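Mind having a look at this structure? Questions to follow.
By letter and in written order, the chains are A, B, C, D and E; residue numbering begins at 1 in each of them.
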Amino acid sequence: MTNSLDAYLVLSGLLFAIGSFGFLARRNAISMLMSIELMLNAVNLAIVAFGSFVDRLRPNASVIALMVIAVAAAEATVGLAIVIAIYRNRRTPLVDEYDSLRQ
Amino acid sequence: MSGQDLLTISPLIAAILVAVAVLIVDLVAPGRREPALATALLGLGIVAILTAVAGRTPGQAFGGSYTVDALTTFLDLLFISIVALTIAFAPDYLEPRDLPIAEFAAVLIFALTGAMLIAASTDLLVLFLALELMVLPGYLLAAYAKRDSLSTEGAIKYFLLGSFSSAIFLFGLAYVWGLTGSTRVADVAAELGKIASGGAALSPGLALGLAFMTTGVAFKIAAVPFHYWTPDAYQGSPTPVTGYLSVGPKVGAFALILRLFVGALGSLRGDWLDVVIVLAALTMTLGNLVALTQNNVKRMLAYSSIAHTGYMLVGLAAYAGGRQEGLQGLLYYGAAYTFMNLGAFAVVAALQRRPGVTSSLDTFAGLGRREPLLGILMTLFLLSLTGIPPTAGFFGKAYVILAAVQAGGPLTILAVIAMLNAAAAAFYYLRVVVYMFMREPATEAESQRHGNLVWAGLWTTSVLTILLGLIPAPLLSVVSDAARALGS
Amino acid sequence: MPGGILTLITFVPLVGAIVIAFLPRERPDLARFTALAAALLTWVFSLYMLIGFLPTHPGFQFVEVADWIPAFGIQYKLGADGLSVVLVVLTTTLTWISILASFGPIRERVKEYMISFLILEVGMVGVFLALDLFLFYIFWEVVLVPMYLIIGIWGGPNRIYATIKFVLYTLVGSLLMLVAILATGFAFQDAHGGQWAGAFDFEQLRAFAGTTGFANGLQLGAFLAFFLAFAIKIPMFPFHTWLPDAHVEAPTAGSVILAGILLKLGGYGFIRFALPLFPDAAKTYAPVIIVLSLIALIYGAIVALVQPDLKKLVAYSSVSHMGFVTLGIFIFQQQGLYGAILQMVNHGLITGALFLLVGVIYERTHDRTIAKMSGLSGRTPVYAATFGFFMLASVGLPGLSGFVGEFLVLVGSFAYAPAVAGLATLTMIFTAGYLLWMYQRLFFGEVSAFLHEIGSHLTDMRPVETLTLVPLATLVVVFGLFPGLVLHLVEGTVTSVLNGLGRATAINLLFWQ
Amino acid sequence: MTLPEVIPFINVRWDDILFLILAAIMIGSALLVVTLRDIIRCGLAMMVCFGALAGIYVIAGAPLVAATQVLVYIGAISVLVLFAIMLTQTKAAPARLVFQTQAVPAAISAVLLAGIIAVAVAATDWHALSQRVESATGAVAQVLFQQYVLPFEIVSVLLLAAVIGGVFLARREQGDVS
Amino acid sequence: MESLVVLIPALPLAGFVLTGLFGRRLDREAHWLAVGVVVVSWLLAMIVAFTALTGGFGADGLTVKLWDWIPAGRFNVEIGFFVDNLTAVLLIVVTTIGMLVHVYSIGYMAHDPGYWRFFAYLNLFMFSMLVLVLASSFLVVFVAWELVGLSSYLLIGFWYRRRSAALAAKKAFIVNRIGDVGFALGIMAIFVNTGTLDIRESIEKLTAPGAVSTIPLALIALLVFAGAMGKSAQFPLHVWLPDAMEGPTPVSALIHAATMVNAGVYLVARTNLLFAHAPQAMLVVAAIGIFTAILSASIAFTQTDIKRVLAYSTLSQLGYMFAALGVGAWTAAIFHLMTHGFFKGLLFLDSGSVIHAVHDEQDMRRMGGLARKIPITYATMLIGSVAISGIPPLAGFFSKDEILGEAFKNGFVWVWLVGLIVAGMTAFYMFRLMGLTFWGPSRVDRQVEPHIQESPRVMTIPLILLAIPSVLLGLLIGFPPENGLLHGWLAPVFGEALATGGQHEAAFSLFGIDGVLILASVTAAVLGIVVAWRLFGVELPLLRREPQPERVQAITARAPFLYRASLNKWWFDDLYDLLFIRIGGRIAAALWWFDRVIVDGTVNGIGIGTQRIGGQLRQVQTGRVQNYALGIALGLLVMAGSYLVITAR
């Protein structure tokens, strides 16, 4: 089982789906942020899995994964900054209440 | 990593340095905007020169992950002018709202580096990173008026959906990489070439990857049904930022498409042709139909920018339909769209100089009387957006349509749809003209003074808008070189 | 004849417009007279061209070619044959007349008005002279914007609705035409091994259409697109409803140009492009178009009968009269074509004059409701006489220009099918009906209470107004007695078009037996 | 000490067990992240989830990634998140609804998504590359500094930009409501 | 000589232009110029006519080419004139009566504010009429055709303040247009089949042996005839002429009695060969002619407006002429055209003089007993009435009798019979008119009564001058019957047609059939007169009788339907009003509704519909990120699905 790429990929897919669910369903900006982190990690898992199963990819895999982590970090920074900024204006982290821009 | 490499990526380095320099200047002379502005614009000038120079020696760096060719140069210069113009338009808007210009410029230039990287990168990973580097500053800029709740709201929507789509895109990227075994565009293309030539079957996994990537990109260019962020983000953002967002990231995303879908996945175009056709039709139509009902000019222009994405997609579709001209048309349209749209937003920004002025249609009532020049320029940009000759917008449309007609088949119908859309679009563009020249303002607003930078920018955009329509030949050769550089 | 005369004619107004743009806003008269000067200059140049034109010489004259977008073989190519010459002179003439006629009525934003008017002239002249499809399209669209502004800014109370309707309607047609133009150009390029050279050059395209001919599919599609664009401009039933609105709202001079020139763009397009490039398609669609023309003829006349608004009445009369043009074109008969061209010219003169006259009364009463007027003959005899003159010309009274064109078209249609001629001729009755009735209600009877209230403002025609109408009246008489002046000029055009259609001998079969 | 390759009697490889356990933990905690009412607990669950993921990386033979995962995520990001949570915590917040009105369609689409991915994965023939190979950390560094210089630089710029902007946005200025 | 021919119409044209431009200044002197030019062109006309009739122009007349009018490729019409004997005869009639009417108008219009305008119009008419007569090409005829229509329009509506006048003018023009449509189509047919519009050339081509025409000759002939029906007010287009009496009386005399209304007759006579080759068409002409004759005669019975009686009488006389043409009595038709021109002109001018005397009163019920008060008018009018009634040896007798005679001898007995009855009716209503106007007790308004006086010289002299030909013309050119001067003149014109039609040309035999026919017609006339005397009285030197209104009452009571029918002109006006004004108006209104609601509605509908759709699509943008995200997720699913499908195939 740990011998089958499928297992890893399915696992990552699952994580990705869960993340997307969180993103679609949660109201709190920060939990949406966390969901995105989940999704990014799902991708990382896939990448690592590819790396560990395909010879050619092995060295690159780790690097790419690292990059992805870094990107995730950057996104998180920006995201949290924005969240805080809007929180200052709206006094609520609940995204579905930010709907003065519409139609 | 050789000296040659350094020369090749010198524009990039220069850009980063400019960004840093701007910040330093600001630290040195805090609160004064002229030095920062000067640094930024001069720096951009240098970057442009370097780009031109580097463009003379096409080649690759970093083992083929960074390519300099006609396309790169063309796009880079386009991006630089976009950023320069945005910086020119910004101060008049930011200062009254006491928002600093330095950070603005710096962040913007960081975004520029991202865009330039996209234009140049021939490596999937680099592409992704570059994309992030382009959009992350975008999120920040959208929220730049941080005490304005609308700005931040638009920003957070933009950010959340943006990173959602990034995740999706990345997922697809991972699969494509995993199945082709390389991040190098060339290798990927070769790998897929086998598949296209029937050497191997297109595996579902790869298809999945393609689907995810397409979705991610479609989001970035704001194609329907992935466009939702556009109106809100555009309306919320500070107007100069909106102007930038409406062209910079869009053209950037198209650059990504060129590098990725054309460069890497070109051999599979038969597979994504249908998808692009559908996307194009949907995008044009929805964008225009909704724009018809908007009373806020910024929001209206947001929807119109969606529609223009649709027109550009027609070019892409024509390419997928087997016509090199499609790419040329796409590039030409991109350039034309850039200047006319930036110009239009610049006028809106100029009108909003006084804080508190909304961008609703009523703001434009009587503008033709109040500030005739501004009114006339706005009319020019709107006519160009409509596609009335002799303007850039017209020629861009004609070019794209020509490509579509050449490709024939379903694309002819797409061309007709595009034209009907253009006709419908005329309604809302001209409505602004109606307000400017044929309606009297409800409350008499006094005319305002605008900075020289703004005027300079407006003249540049308007002159280009006309020239690109009257004398398209020069740009024409440029874009055809660019398209050829991409190969087909 | 020096080269560049056509460019001169086309762009002198533009120069004028630019000059006006730099004139001080607070000196409207400067703008007025500069505009008039520019228009008159253009007119003189056009007359100069007219003199230099050799009717016997076949093909295009004064041709000017310069590469514009070589990548697609798009050229800046101007040239004139009889048809263009006639219509260009008509344009330049009506333009200065309209500008003169706007001196009084247009009191605000004079600068902008004059600029739009001159740019409008650029577009119109360009359309008639362009020999490159792409260039033609550009001029075609250029016409749109100034007219949009003229109606929208200086128009009546409901102007915005009218002008937007006008623009959108026209745009739908023209944009599809653009697709057709591009498709045609591409088809040419495709047939010439990917060589773009000459792909939009009308003469080469015509030659191609005459020899190899475009594929049927393309012809049918492209012709349809062209047809839509032109039919909307003319306008043909059922695409005509923008016209009454536009006319009612437009300022007088706007209506004059609209009726006098813009409607002709459609007819010109048919004769110059649609027929020569897509002859087979033209023949295929001809019956339908003929039927539509007949409907337009009779329907327009009948609807005009019950119009309460003077301008609307004239507008519908235009729909009816332009029916003769399309009919004359699509019966593919020599007489028909001659008649159609003549009818375009005459309609330009007569309807233009009628709109000027409507403007005269509107300026005094600020009303155009026929019901409110009556007995004008007593108060304004000269006006009544002039109006009567043009009214009769419009009725098609022999001896005045209106008659000849109509009759030629009718003769042609008779040769095509007596039944068609029979139906078309019925219009003679309806036309007389609505025009005479209108005239009776306006000018006969006792002076109405409404006009009494106007009192002393209800003056007879002023010198300026007379000045604008005298040239038109003269031309109406001259062309009525010596239509040959026009017919000789367009001989070449007619022959080449009919040769292209391979139908030049249609009427011959009935001869000499 | 060394364990036998395979667990006696039930003939399952150790790392498989480990994999299963970690996977279970990961999925479970992930679910908690997206479902828990109290957002602070969500944050903690996320840390758990990432920990488990790190474990899986190790099994997959990417220790370096695993390490970074622990450092960056469990270290930096999670803390950042928690800070953000503190900053934006309103008294009323946890009391309110956790889920959007569209939780159900969200769930459905998530399931579909997982389904499609699974199907695609299953349907794909990984041209017999499912023979795992051991990896050496040394190789990575090498690759990183030869082939991936450019990306590396970019990432740094990216972070720089993010920080500058982030600082600007988060900075509290006079006139801001506190 | 050519130049003279050109001058004949040119002079009145000049008169029109000059009077039109400067008339306002000339004011009361306006007539000098106008009358002057007409007199001159009369002189010229006389010279030309004399030359023509004495064979000065040879067998095939004199042709004058002015210029190529419409050179449209194969279609080439030239403006030119053509004089042969027929033209000459017409010239005489038109110029003579025209001149006299001009003179007469000087007096009649003396006090009218639009004095100069009137003369301008009259000149315009003279010009148009002369062109019509002289024209050598069908299209030029058509031009003149419309121009006379125009001048008649202007003159009928001369008193434009009067609504009835304006309406009558419009009616006249439009009804004429209906005929013109036919004429125009006829012209097209002729051109399409012959390639020329020169009258003689084209007809030769049409009728040449073995000529093949796309449309039957009869149809062409009838189309041409349609035009004639319009101008000459033949049933069913007769309705405009009575209303045309709204115009000043000189106009009625000149245009609506003596000249313009004869244009139709002239046209048919001019194209005689065409008709001769289309017997069916001839039959129709005869039928319509004779029917019009009796129809309008019957209406004339009960009209009380003196001018309307004359108008209907004109109709019925025109009917005679067409009947004559129809039966192939070409010469007789032209003969009657001439005589009728003179005596009907006379009668109208007389009626004008009467109206003048009783201060613009036209209703005969308010006249009576005027004989002594206005003797000259009375005398001349009596002559006119006798002439029209066909009592030998006055002009009317010869022409009318010739028509009837030839109708009978050419085998159209029914035409002859109806004609005979009409002759009697004519005599009756004419003397009813005389009785009501001049004889019996005066019913004139008390205020007016004392001021009644004879018209001035300038008016009476023309009357006398017209009376002379009304008496003598028949004897001069019509005697011996069927062999008089006129026959000599017109023989070359109609010879071929007669040959073709094979009409009988036996010598006139007073003591044969002709005598009987004469007897019959004279009896009919006398009968009519006597009945009129018995009912409406008479005051002549020998016999005198009081009118019997009560007997009139009795008779009308006995045949109420016929009476009302006659009184209401057989309801034609009402019928047309219903058809064209009411129903037509409805249709027009309906079409306009269609235009606004359906055609334009669709256009606007598309616009509004698009907006609506946009409004709906807007709703998608809820402003909630999660909704957007869901949308994207769904899009992603679809995208993935479609990709999988695409690659699966």
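Following the convention adopted for this analysis, contacts are C-beta pairs under 8 Å (C-beta built on N, C-alpha and C of every residue); 3 or more make two chains touch, one makes a residue touch a chain.
Everything quoted here is computed from the prediction, not taken from an experiment.
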Any chains in contact with both subunit C and subunit E?
B
Of all chains present, which has the mean Cα position farthest from that of subunit D?
E
Min distance from chain CA centroid to global CA centroid: chain C
Select, from all pairs of chains, the pair with the highest number of C-beta pairs in contact.
A-D
Please compute the C-alpha centroid of subunit A, do the same for subunit B, then give the distance between them in whole Å.
26
Chain centres from averaged Cα atoms put subunit A and subunit C apart, in whole Å, by 65
Mind checking the centre-to-centre distance between subunit A and subunit D? Centres are C-alpha means, answer in whole Å.
7
Once you find the CA centre of subunit A and the CA centre of subunit E, what distance in Å lies between them?
98
Multi-partner residues of subunit D (each touching 2 or more other chains)
100, 102, 105-106, 109-110, 113, 116-117, 119-121, 126, 147-148, 151, 155, 158, 161-162, 165-166, 169, 176
Where does subunit E touch two or more other chains at once, residue-wise?
607, 618, 621, 623-627, 629-630, 633-634, 636, 640, 644
Give the residues of subunit C that touch two or more other chains, as numbers and ranges in rising order.
168
For this entry, which pairs of chains touch?
A-B, A-D, A-E, B-C, B-D, B-E, C-E, D-E
Within their complex, subunit E touches subunit A through residues 618-619, 621-626, 629-630, 633
Quick one: in the complex, what on subunit B touches subunit A?
125, 128-129, 132, 136, 139-140, 143, 146-150, 152-157, 159-160, 163-164, 166-168, 170-171, 174-175, 177-178, 181-183, 231-232, 235-236
Of all residues in subunit B, those that touch subunit E in their complex
156-157, 160-161, 164-165, 168, 202-204, 206-208, 210-212, 214-215, 218-219, 225-226, 228-229, 231-232, 271, 274-275, 286, 288-293, 424, 427
Report the residues of subunit B in contact with subunit D in the complex, numbered from low to high.
1, 9, 16, 19, 23, 61-63, 65-66, 100, 103, 106-107, 110-111, 113, 117, 123, 125-126, 129-130, 132-133, 136-137, 139-141, 143, 146-147, 179, 203-208
Any idea which subunit A residues touch subunit D in the complex?
1-11, 13-22, 24-31, 33-35, 37-38, 41, 44-45, 48-49, 51-55, 58-63, 65-67, 69-78, 80-85, 87-89, 91-94, 96
